[in-house]
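Have a look at these structures, which come just after this line.
Look at the two complexes coming up: subunit A is in both, with subunit B in one and subunit C in the other.
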Partner chain A sequence: MKYTIQQIFQSGKFITGFSIFMTILLIVIIYPLVIPDPPLKIIAQGTFFEPGIYVNVYDSINTPFYTLNLDEAADRRIANRLGDEDRQAIKEWLVGNGMPEAEIDPANTEQLLDQWFNNFDPTVRLPGMTNADRNYYIRLNNNIQGLLNTSGAVIAELDEETAVLTEKATVPQSAYVNVNDVPNVRVLPLGTDNFGRDVLTELVRATGVSLQIGLVAGSIATLIGLVLGLVSGYIGGFVDDTIMFVTNLFTVIPSFVLLILISFSISQEQRGATTIAVVIGFTSWVWTARAVRSQVISLRNRDHVNLSKLSGHSITHIIVRDILPYIASYVVMALILQISSGILAEAGLSILGLGPKTTDVPTLGLMMNWAMIYQAHILGKWWAYFPIIITIALIAFSMNLMNTGLDQVFNPALRD
Partner chain B sequence: MKGYRNYFLNKLLWFLVTLVAAFILNFILPRLMPGDPVAAIVSRLAQGMSNTSGVQAIYEQYAEQFGTNKPMLEQFVLYMRNVFQGDFGFSFSQYPRTVADVISSSIWWTVGLQFPAIIIGWLIGNTLGALAAYRRGTFDKVLMPISIFVSNLPAFGMAVIMLVIFAVTLRWFPTSGGYGFDLIPNFSWKFIWSVFIHYQLPFWSIVLITIGGQAIGMRSMSIYELNADYVKYSRLLGIKDRKIVGYVFRNAMLPQITGLALSIGTMVGGALVAEIIFSYPGLGSTILTAVLGQDYPLISATTLIITLMVLLANFLLEIAYGFLDPRIKAAQAD
Partner chain C sequence: MADQRKSCLTGKGVTKEFGFGRTKTVAVDNVDFDFKEGEVISIVGESGSGKTTLAKMLLGLISVTKGDIYFQGEPRDISSQRKRRTYWTQIQAIFQDPFASYNIFNKIDSVLLDCIKMRGGARLPYEQKVEMMTEACSFVNLKFAELTNKYPFELSGGQQQRLMIARIFLLKPKVLIADEPTSMIDACSRATILDMLMSLRNEVGMTPIFITHDIGLAYYVSDTVYIMEKGKFVESGSADDVILRPQQPYTKRLINDVPKIYEEWDLSTV
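Right, the complex of A and B next:
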């Protein structure tokens, strides 16, 4: 046993898969200890906030300012505030005013503003320009002037009774706050989803739930498959024929269809994550049963099994002591594959709207379903769907690698 | 040809047996569930109704329509008769369309999409896998990790990634639908072109997923075959590599056909979910609307049709296998 484990951990593929899987598992376990927020709590008012660090504006005003004189600060501020549309409008006006198009680079803020101040004249009427356009350019000019203003912003307090604003403080443009001083800073590494929930917290919890679903479904499937395969392979005869008939039936009738039918028949309120896991388990044992049976058949007439039979051991004893140890490695590999396909099955079901009920816990499939319903992929909100796909792919990938690694250890013929 | 007869008859018999089993399952599974489906439907319909005799009337009408007030066996006979007449009743969510009408308008989209995609993915995947096994070296080292990762992506994940890259970011292809939303199906170049453009993304995402899985399987099969004695002997005899690869490919392909037959159900399931991502007007989207609309007759009929398609594909693959594997011919000739 010790030797086998040593050998397994010498397989590069197994180690890679194992490390990826363990990393995922550790994150799932440790993250909730560090950030104990409930995963389904709606924190954001609005949908799909971008990933980033959210600093409380009110608190940052009341935090002591530090003055940093940075040269590029003003340029950056203007570059940031001057939108693409405004830049295009400036370019259009300049071209209309007779400047060659090649000389204008809308991306170069400094040059663009120079050209604008040197040339803009509110009284000039370009050919084909409507009055609304002219007013727009005048407004734009005022805005740009305002941007270049170097005086600070005033913070005022509203007197409730007299409705008079009293100046509390002035924030100069060179004022900075240290984020560490601000009491309320929320980091949203993956932004928020369509309901306004923190995607990362939700994703970690969903990964945990999906792994549990996979584990339950995989264990049930492996157990059923193992028992049926052992009985059918060892006992043979009529029992074997019957079990193989059923097994062959369910190999051709797609389990996906059975899953849809059963899940749909269970009403939404009764469809917990566990129910779904059990249903997946009960529809996916076929592969394991077939594989175990063929292994058992090849073991059935080995010398040590015959010896055991001659010694008068019971069938249970023979199966447990003389056959199971030989197929144990195989069963472990089957279990690994079953877990990963269970996770995929849940995801597929949830996208069809047949997943676990939505009020309880998130699962990877449910999160994907929400992102798709709210068209995160069309709106370009990558943080709402991409991390989920990657998580599913990584789990499946790591399990597959572990499986291949184990396969190479146990079947020397497959070693490269 | 005569030698094949038993083989085909055997396969045909098995096809019919599975068909009957599929009918029974489709009939019995929803009825085995705890709770009365008719009561569930009525309670949804009658929300807010305070008139008990009205609710009772609705209940009886639906019980009559589904025949749930009759004994099980009679229900089954009724169900089989309806199925053979192609009568699946009215769709709840798309009333007054019949279920048969909804399905006949979506089934060809699914058949037209999945059948070619799986075949082409299978062919490309097997060729690449055999090449990787034969060439080894860089080709193998680059192709294999990519294939393993791609085959671990769920089909819907691949669909979303393709959609975001090629439809949303690059805008080469439309994001959803089976044809332009401003068109009415007809035989004009404009419509055919629109269908063709909408076809590309769903098609290639299914192909890519299929390639990944097949290439891995074919590679290990081919490696196994390349180490076989007959290959070493052929090399010793100085037979051309090209010819040896031909032999190896044919031998390694047989298990791959069986593999395809066994996994086609899973593949179709995955591809149905991928269809939903593209809002392709096939059976996948039909299931989604049926689920969202709690449309029981539509779900039941759609799953039955999908099962029939998979069983039929399986049967055809078994027949093809019979032609390709000379051992079957030999066994039957004895």
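Right, the complex of A and C next:
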């Protein structure tokens, strides 16, 4: 036993899978301790905020300023505020004004602005230009001039009664605040979702719930499959025929179809995560039962079983002590596979809108479902679905790796 | 003249079929036999002739398709777990492959303790159990103190087969079916094992039934020999009659197949 465990932990595949899985598990356990926010709390007004660090503007104003004279600051500011469309318009004007196209680089802000100020003349009317176009360029010019403005922003206070603004302070362009001084900074590493919820917090919780669903579903499926397989394989005869009849029924109807039908017949309100897990478990034991049965059949005529019979042991004793240990490794592997396929089954169900009810807890499948309904993939909001796909893939991948690793330890013939 | 000795195992029309329809094999085909108490019996046949199948039926490990088996003159009743348990206190076996005969998860101690329990010694004080196990082990030249807390697979094939005999020593059954007990071990330990089995027979007064494909071994140990071919007994009788004056061509072939050391070997028949 100890030797087997040693061997398992010498298998590279198992260790890789195990490490990935443990990392996921640790994150799921530790993250909520550090950030105890409720995962389904709507924090953002609006949908799909991009990942990033969100600094409270009001607090920043009331935080002591530091003056930093940085050369690139103005350029950066302009570069950031000058949109792609505006750059393209500038280029068109310059080209229309007779500048060779090769000399203009819309990405180089400094050069572009230089060229603009040196050449732009509001009175010039380029061929083919409408009045509206001319006004647009004049407005653009004013905007750019405004960008170059070096005076600070004024902070004013509104008098409730007289509606008069009194200047309180000016924020010069070279004023900085230290983020550490700002009391309200929120990091949203994965932005927010369509409802305005923090995707990372939601994802961590969803991973936890999905793992639980997988564990419950996998344990139920493995337990049912194991018991039925043992009984049917060892006892044989009429019992075997009956169990195999039921098993064959379940085999003929694809379990996912069954799963859909059952989930559909339970009202949305009653579909908690546990219910779904149980339903998944009850529809996916078939292959475990078949596999265990055939293993038992090959074991039950072995001489060590015969010797155990001759030693007067009861059927229960023989099943538990002489058969079960021989297939234990196999059952562990089946369990791992069942857990991972339970997680996938939940994801599949939820994508179809038949998953657990949406108000309780998030699951990986539900998150995929929300991202899909709100068209995150079409809108290019990758953070609302890509991390979830990665998580599902990582869980399935790590479990499969562990399984292959175990397989190599238990079946020496597969070792390379 | 009727045979005065008591019968221990009797069979009438015993048949075992595996599968049905076109895949049906008749492993044991309508055999009759009458094994007498105290005799050493051998069942000889080539591979696939149905020896192991017959042995398992005698042991009650597999069902009998047709026919009846009588134990000590009475129809054998093994319909419930309790009755089977009682039956197995009287009939025991040693299997062909020692490496496959033990549960690899059980220690040697538990193998032997099971036998003491089977003999009704479950409640004995532990010291007494150890004493019994030590005695059984020393009967087969093993040291219990060295075996305790070890697993059977840590022993050599010959040692494992000796442990199997120690088991029988503790169980003291009326009948012992030894299914090719020496075919997997080397010639040297083979003689030891056979000698131990014969002295065990004298010690506990049991009827040994040897199953073997080696007619020389059968001649060496047994009083009565049954020759089995394709599930049927083709010839039976005292060892001298059958082996020195064989009637059937099959028996003659079996005898000729035994390589003789002082003659040149004809490898074309091997």
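One rule holds in what follows: the second predicted complex is superposed on the first by the 416 of 416 C-alpha atoms of A that agree within 3 Å, B and C clash if a C-alpha of one lies under 4 Å from a C-alpha of the other, contacts with A are read in each partner's own complex, and residues count from 1 in each chain.
Note that a contact is a pair of C-beta atoms (placed from the backbone, for glycine too) under 8 Å apart; a residue touches a chain by one contact, two chains touch by 3 or more.
Values in this document were obtained by computation on a predicted structure and should not be read as measured data.
K.L.:
Does the subunit A-based superposition show subunit B and subunit C clashing or fitting?
P.N.:
Pair status: fit.
K.L.:
Given the touch rule stated above, what does A:Asp322 touch, subunit B (first), subunit C (second), both, or neither?
P.N.:
Touch status of A:Asp322: second partner only.
K.L.:
Which partner chains sit in contact with A:Pro127 here, subunit B, subunit C, both or neither? Use first/second/both/neither.
P.N.:
In the superposition, A:Pro127 touches no partner, neither subunit B nor subunit C.
K.L.:
Determine, under the contact definition given at the top, whether A:Thr251 touches first (subunit B), second (subunit C), both, or neither.
P.N.:
First partner only.
K.L.:
Once the shared chain is lined up, is A:Gly46 touching subunit B (first), subunit C (second), both, or neither of them?
P.N.:
The answer is neither, since A:Gly46 touches no partner chain.
K.L.:
Report, please, how wide the angle is at the C-alpha centre of subunit A between subunit B and subunit C, in steps of 10 degrees.
P.N.:
Given the fit on chain A C-alpha atoms, the answer is 60 degrees.
K.L.:
Could you say whether A:Ile351 touches subunit B, subunit C, both of them, or neither, answering first, second, both or neither?
P.N.:
first
K.L.:
Determine, for the superposed model, which of the two partners subunit B and subunit C contacts more residues of subunit A.
P.N.:
Between subunit B and subunit C, the winner on subunit A residue contacts is B.
K.L.:
Have a look at where A:Ser267 lands relative to subunit B and subunit C in the superposition and call it first, second, both or neither.
P.N.:
first
K.L.:
Quick check for you: in the superposed arrangement, does A:Gly237 touch first (subunit B), second (subunit C), both or neither?
P.N.:
Neither partner.
K.L.:
Can A:Pro36 be said to touch subunit B (first), subunit C (second), both, or neither?
P.N.:
A:Pro36 sits against neither subunit B nor subunit C.
K.L.:
Between subunit B and subunit C, whom does A:His304 touch in the aligned arrangement: first, second, both, or neither?
P.N.:
A:His304: touches subunit C, not subunit B.
K.L.:
Closest pair of CA atoms, one in subunit B and one in subunit C, after superposing: how far apart in Å?
P.N.:
Result, nearest C-alpha distance in the overlay: 7 Å.
K.L.:
Which parts of subunit A are touched by subunit B and by subunit C alike?
P.N.:
Shared contact residues on subunit A: none.
K.L.:
Could you please specify the touching residues of subunit A with respect to subunit B in the complex?
P.N.:
On the subunit A side, the touching residues are 248-249, 251-258, 260-262, 264-267, 344, 347-348, 351-354, 368, 372, 377-378, 380, 382, 385, 389, 392-393, 396-397, 400-401, 413-414.
K.L.:
Taking the touch rule as given, give the residues of subunit C at its contact with subunit A in the complex, in rising order.
P.N.:
Residues of subunit C touching subunit A: 56, 59, 61, 81, 84-85, 88-89, 92-93, 95-97, 100-106, 111, 114-115, 117-118.
K.L.:
Under the stated contact criterion, what part of subunit A meets subunit C in this complex?
P.N.:
Contacts found on subunit A: 302-304, 306-315, 321-322, 325-326.
K.L.:
Using the touch rule from the top, collect the residues of subunit B that touch subunit A in their complex.
P.N.:
Residue list for subunit B touching subunit A: 14, 17-18, 21-22, 25-26, 29-30, 32-33, 35, 37, 40, 148-149, 152-154, 156-157, 160-161, 163-164, 168, 175, 220, 224, 262, 265-266, 268-270, 272-273, 276-277, 284, 287-288, 291-292, 296, 299-300, 303, 306-307, 310-311, 314.
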